[in-house]
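Pasting a structure here, questions to come.
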């Protein structure tokens, strides 16, 4: 097993994904996971009803596969798993899950960090927060752009 | 909940720990976990029967608590969980588990990375790999020392 | 003979006219930059955002440069800046 | 009157004489650096490693500097370099 990438329409449990990932790998000593969860409030403190994530045909999955392939080329990881929700996501549900495995903890950390930076800015999704007063499209922030520029 | 630190004599399941950690926190958007697992072979390729981790009275837990407190002082994390095995550990069992939560993914990643670097070099444990031809004490590597020097 | 091309509108591009608009294109097709102009003139609420330089065209599931040619029968879409995670 | 002090030996320090050794110490106690010398002379297989400069003393569950005084009744231990994770 090397890179495994999925777009999921349904709620998923990151701890189950971590368990399955760890079960699939060999005897790598280092396993890192990242879970990104939908927040409950906008930056201005309005309660959020849902985050809506739009994907586009095969292009979304292909963009994730390219990012995962780049992570494997760049870091000494032996396995990775990337899961991204699409559709309507309620507060606290997982939006994205990344797991990496390596004999070396630095490689596992850096690859997970890199995967997230790339996913934030390059995975083909569009997202909109629905709140009581309407909805707002969310684009990558300046911090997201400077994070990805580090690599 | 802020820092939660444990030394465990028994096998534990990192995915269950991640699930419990995520259940305890609020609506932080970013959750990072690291799992360090016992390897099956020495650097020279000898099969390992067990990794034996010795701790010392209250000093071991206190060293972990100090490391966790430093991580909370240094990074914008809202919660952390550190679990460290002691005793006799078989190949592929988890040795260490670190989880961090933050509204910001950089803080969650950096705090987990920092916790591991400090634990590797400063947590009060002594470890010995038992293999077919005897046993060998394992001390921090040059890489471990340069990793922790980054902070 | 001209044919109607369906152009899918992704993300915030769908706010004004829904998820797709149609355009007539000739058998020789047209480059992406002319597609932008044609969409802007037929659907003026899209003009400011298409002029902003941050919209990319996707043809048959591949993101293409501004000089790529879109032909009759292609599957065309316009992408505003993406954001995962 | 001198009393026997039990000195716990951690990690690889236990390889030669087991997990602890004993020393007689006087009622006035002794500084850590003299404890190292006393252990080295009574348990010579420990002398090379104690001379290496990487061993720390722990008294009553606190790691202490070389000029700290160890007294009768204290819980003393010697720590080689630690390694978690």
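Chains here go by letter, A, B, C and D, matching the order in which they are written, and residues are numbered from 1 within each.
Methods note: a residue touches a chain if its C-beta (ideal position, glycine included) is under 8 Å from a C-beta of that chain, and two chains touch if they have at least 3 such contacts.
Only a predicted model underlies this, so the values are computations on that prediction, with no experimental measurement involved.
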Steps needed, at fewest, to go from chain B to chain C via touching chains: 2
Centroid comparison with chain B (C-alpha atoms), farthest chain: C
Rounded Å distance between chain A and chain D, as computed from the means of their C-alpha atoms: 51
Centroid distance [mean C-alpha coordinates] between chain B and chain A, Å: 24
Centre distance in Å when chain A and chain C are each reduced to the mean of their C-alpha atoms: 28
For chain A, residues that touch 2 or more chains besides their own: 36, 105, 116
Residues within chain C bordering two or more other chains: none
Full enumeration of touching chain pairs: A-B, A-C, B-D
Contact set on chain B toward chain A in their complex: 13-16, 18-19, 22, 27-41, 91-92, 103, 105-106, 108-109, 112-113, 116, 143, 147
Chain D-touching residues of chain B, taken from the complex the two chains share: 36, 54, 56-59, 62-64, 84, 95-96, 116, 119-128, 137-140, 144
Contact footprint of chain A on chain C as seen in their complex: 8, 10-12, 58, 61-63, 75, 77, 79-85
